[in-house]
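Presented sequentially are two complexes of chain A, the first with chain B as partner and the second with chain C.
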Partner chain A sequence: MGEGEKKPKFAVDPNSAKFKLNEIVAKHYKEVQEAKDRGEKIGWCASNFPQEIFQTLGIKVCYPENQAAAIAARGAGQRLCEISEAEGYSNDICAYARISLAHMMVGETPEQNMPLPDFVLCCNNICNCMIKWYENIAKELNIPLILIDIPFNPDYEVSDAQVAYVKSQFLAAIEQLEEITGKKWSDEKFKEIMEISNRTSRAWLEATAYTKYTPSPLNGFDLLNHMAVAVCARGTVEAAEAFETLLEEYKKAVEEGTSTFRAEEKYRIMFEGIACWPHLRTTATGLKSRGINMVATIYADAFGFIYDDFDGLIRAYCNVPNAMNLEHARDKREAIVKKTNTEGLLVHTNRSCKLWSGFMYEMSRQIGEDCQIPVTSFDGDQADPRNFSEAQYETRVQGLTEIMESNKGGKD
Partner chain B sequence: MATLNELLENFHDIACSPKKQLNAYLEQGKKVVACVPVYTPEELIHSMGLVPMGAWGADIELKESKRYFPAFICSIMQSILELGIRGEYKGISAIVIPSLCDSLKCLGQNWKYAVKDIPFIPMTYPQNRKPESGKEFTKASYERVIRDLEAATGEKFSEASLAKSNEIYNEHNAAMRKLAEVLEQHPSITAVQRRDIFKSAHFMRKEEHTALVSQLIEALSQVEEKESKIKVITTGILADSDGLLKIFDEHGLQIAADDVAHESRQYRTDVNLELESLEGLADKFSRMDHCSVLYDPEKKRAGYIVDLAKKYKAKGVVVLLTKFCDPEEFDYVMVKKACAEAGIPIIQIEVDRQMVNYEQAGTMMEAFIDML
Partner chain C sequence: MFTLGVDIGSTTSKAVILKDGQEILATSLIKAGTGTDGPGRAIEAVLAEGNLRPEEIASVYATGYGRKLLKNADGEMSELSCHARGVHHLLPEVRTIIDIGGQDAKVLSLGTDGRMTEFLMNDKCAAGTGRFLDVMAGILQLRIEDLEKQAALSKQIVKISSTCTVFAESEVISQLANGVEIPDLVAGICQSVASRVAALAKRVGVKETVCMSGGVAKNGGVRKAMEQELGLNITYSPMAQLMGALGAALYAYDKS
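Here is the complex of A and B:
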């Protein structure tokens, strides 16, 4: 069953951003399937692979990370993880990878289906785990793997040497894809795609920036859903338009004093890390019931790729959050905290994600000190439901709330 | 001429007391630079008159590192940081940390704040290391390491000295490859002793180690071998723990060859001495393969292990999986499949540097031996 066929519980206004964004995701999966059925070669793609390449070539791809998140949110994370584990994959491996490898093995996953790929596009600017995961897919399915290696940058600025290295891989990837799919590159089309991508990114950044208002016109958890579109359709006019609609809605909400956060906004926090998809409701309720709105997340920035030219594009992909050194990553977050008047930081210590969690203790300590906000963490996992404890989450969030409350007292 | 036993004891002493080695070098007025796994450009460090010393962590209890790392980061990273915080590396001029896996990326970032008195020098290797652009990037990263080393130690780099160091490292590589071959012929050398010889290489200047290894090879050539054991191949990042290696020895297993990062993976590839020295070193990295932290789209490493087992007529493959090492965890499934196809028994034993109880590992190994 496709998403579009599901009976909505209540009618969503077809002119609303929410409707448009949901449609884009549904259409995205449908189009990949149709392309596959037509006999076109389709790919699986890492979330931060430069989408400008295949958008320009007119190649359809889908995103295992989005799929894994959807599967986990629909309650099938553990089932798929266990399929991979039975194959010999350690349960310490990133749950997105375990889910994806399981889907590759079974070929059919009703919670969120996706056709099997004819090639895979990997970019490790989010993690090196990605490389291993995609290597195994390529080997098991005997299909080509294209890797754009964007190394973790130990420095604040991206070096010219890195730009040159990434650029040459970008060009090599185009050639490889032309060969695999028979499609041809067009510079003109590339320019057009860059423009659309920038337009989408600008709208996304502007819309997400609305959390700076107090109260915020949106529940920050909304962004976690919209993100899928920022990942899978950044280079399309529909996505640009949908985010522009979203922006208009937020503007109007601020004017009218309404919000999608359906509670009194008593506290404003930054949420660090990927959502706990299998426990989304529990985690969201734990916040909402205390009047805590998430108004700050690095995710908002993560998919806003703004650039002027080809070099700028390369630098943008080198500057994604997980490829930055601690100081750069910290400063970005501190800027967000300040812009949004965030009062506390809640860190998801995500068992799946070594890179994201591996220097988060130190970074969040620094953010807490520099911004003078309390910091609390909880243990969880973005897709394996077994690595989360509701009791711990409740205690930690309660603790954070109490500090935020007493800080307010102090400030009065 | 030292006897075989004296040599083995010497290797053991060096392998088990890196601190003593460090202090001895410092007393000689030498500057020491720590090298974190899996690969660092040791030749560069050596060429500047500095002593590269391997920092692969230690079997210790973790306390301080927990303030920086969550529990699901491998114990190699955790224990390196723990040692750093505890001051065990005092006197070292700098630490070179490559970013070959996600946990290594994090170690570098944490190091800057956890161990402020020892400068962190990042080594960024490309994964697309084979094309020209990859080699150029490797070279640019080396140049950055050189700049940082110069700043940290005051020593100067020269291409000419690097050419000499490249040669010394090639000779050491050759000695270590020869050693592995010779040890295969000598089942009487225990798994623990084998570890000592390989491990000591990380705590010595390579020309000194080559000399010792050559003596050992010479001494072994006098030994008439009567023993015979069950041959196996080991694979993994580290095969360091006494408790674990004793299981091999107690059960009559001989490590006929290894694909262990801490051991043979270090010595497979030489620098092409015809090339200009820095370029040659970058070229060397581009030709390195069969390792979980080096991009391997065809998963050639799995076949490599099977070939290794066949070449040495090993009865099975023992995978020593460092807990929380995701590069190895992904490869394991491919290695397992390749071994199954080739009809080679394989066993996976999870290890970490806090392991105290080897009973379960022993039981698993016994079951495995019954299969062989």
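Here is the complex of A and C:
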């Protein structure tokens, strides 16, 4: 290739699910910015806050967790974390929070920009660190914070009392949002959005379930990217169509024996925890180079909400993975392990996420014992690149591989 | 037939030559690890001790943190599998291995057939590793091999409460300034390593017989503290630091 000539970039087929899903994410950020430019009130929102509520009200919101993950994956996690740390935030705090607070302070982040909010919406079913994170944003920017308290559920099932407690808060939140934005709630519109959201969730759950095939038609890491759409656009027809396209692609791949996992699938594992975004390539390559495909993740279930009415919606959001008790969370994972014939469990001990990593020691021990699969963990972080060691990751993954190989009756 | 196992660790390089997959013909240990000339020197030394030329080696396997850097190796295995294999070869009754090396600590669970069924490693922190002991020996102006003797002289253990190596360093300095006896401090340092790694072992589930391997196993002070922490006897082989290289030599034999 001559000097000055550039290698053409791989063009994504515009009819493919990948293209459609990428477009939805790009459109999502664009629409929020346009709304802000028009003078509409826009919000920042927790990932497990019902997207259906904004969709019904016609309010544009964006998701700091998605933004922080994108920033970290694009190599700017440390820069943003250090901005927050220089302002006095401890590096023990969640790196998504540090990145988000830094973005709030600097206002512009080229790696993944989004407009500053006019209100913030926090649901603590995802974590409790988020309460302080959002409180600080509200205080610094002098904007309203709507906080929905969805307590960690110590019981196995969601009780009617819990639904009533959370529902009353959501009803109040809808009124507050109407006041803040001047937009109006419509029950008819909600029903329509609910149907679309269910359609999207069904397609998402059905598509992600394709990892049950051996070999799997998809590289499980694909889901980490697609998940962004399940978070931010569940109640849109475009999202439903894109996931239905994805489903068709996986069906076809199974029929034709193809896969987006570009290696021979020798081992099938569950990956537990948020992705180590700053070292995504290293962590993914460490698996792929050994023929390890991630076929099981709780993420697939985490953003597929199926329900029939408003109470059902509340119940679904009370039952997200980070708000359920250990036994329930374990059983959900064990069902996935069994359904997908998973041979090993790799746990990301994520410095940022005390909630998730904290109960993983015991949960992974139980999963390993009940499902008779080897378990290993590695230290890392969802967005702060300083908390990861490649050599340690390699040794742990190789050790896990050697046990899986030995279990197959290979060498040793 | 001769096979060679090379264990390239973070602080040392070890090599073992095995005859016919059974007899240990020669061993070497060089105090220079990955990224240095240590691996090369370890190979030269082991060949010299075995009175062999390189071409007489049928197969070479590498292990340890530098395992991917050994040129001309026929294969590599993680130090986890190699320690399990090496220990099982010499001590087949062992079901739990506590391996403390220069920069990490591991606990391995073995099945009755010697296969590794489970393992746990320390998190990304030098506490509970050989590096912790190196740093502490440096502050006390002791050689690492003198720690055992000093710990044995202790009359009253001084507890080192800091997990972090850097904070523990200042804790030890302030204890010295308070006039605490060195043997009591050394015993506290050994106990600190043992209690941290014992917690890992308890998570895996300790099954007897328990053996310690890796460089730190040579330190009787840590072994004794570990026995107290776990409430059982720890088996120890003088080959403790060479178990990884031995395991690699056994894998090399399988390959040849």
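Some points to look at:
The rule is simple: the second predicted complex is superposed on the first by the 401 of 412 C-alpha atoms of A that agree within 3 Å, B and C clash if a C-alpha of one lies under 4 Å from a C-alpha of the other, contacts with A are read in each partner's own complex, and residues count from 1 in each chain.
The criterion applied here is as follows: a contact is a pair of C-beta atoms (placed from the backbone, for glycine too) under 8 Å apart; a residue touches a chain by one contact, two chains touch by 3 or more.
All figures in this text were calculated on a predicted structure; none of them were measured in a lab.
In the superposed pair of complexes, A:Gly368 makes contact with chain C only, with no contact to chain B. When both complexes are overlaid on chain A, the residue A:Phe359 reaches chain B alone and has no touch with chain C.
Touch criterion met: A:Thr376 reaches chain C, while chain B stays clear of it. By the touch criterion stated above, A:Lys183 is placed in contact with neither chain B nor chain C. In the superposition on chain A, contact is made by A:Thr349 with both chain B and chain C.
Once chain A of one complex is fitted onto chain A of the other, the partner contacts of A:Gln392 are limited to chain C, with no touch recorded for chain B. In the superposed pair of complexes, A:Ser406 makes contact with chain C only, with no contact to chain B. When both complexes are aligned on chain A by C-alpha atoms, chain A residues 349, 361 touch chain B in the first and chain C in the second. Within the complex, the chain C residues that touch chain A are 65, 77-81, 85, 104, 115-121, 123-124, 203, 251, 254.
Against chain C, the residues of chain A that register as touching in their complex are 349, 361, 365, 368, 374-377, 379, 387-389, 391-392, 395-396, 398-399, 402-403, 406, 411-412. The residues of chain A lying in touch with chain B in their complex are 87-90, 92-94, 97, 124, 127-129, 131-133, 135-136, 138-139, 145, 147, 149, 151-155, 159, 161-162, 164-165, 168-169, 172, 325-326, 349, 351, 354-355, 357-363. The touching residues of chain B, when paired with chain A in their complex, are 67-70, 72-73, 99-103, 105-110, 112-114, 122, 124-128, 131-134, 136-137, 140-141, 292-293, 295-299, 321, 323-324, 326-327, 329-334, 336.
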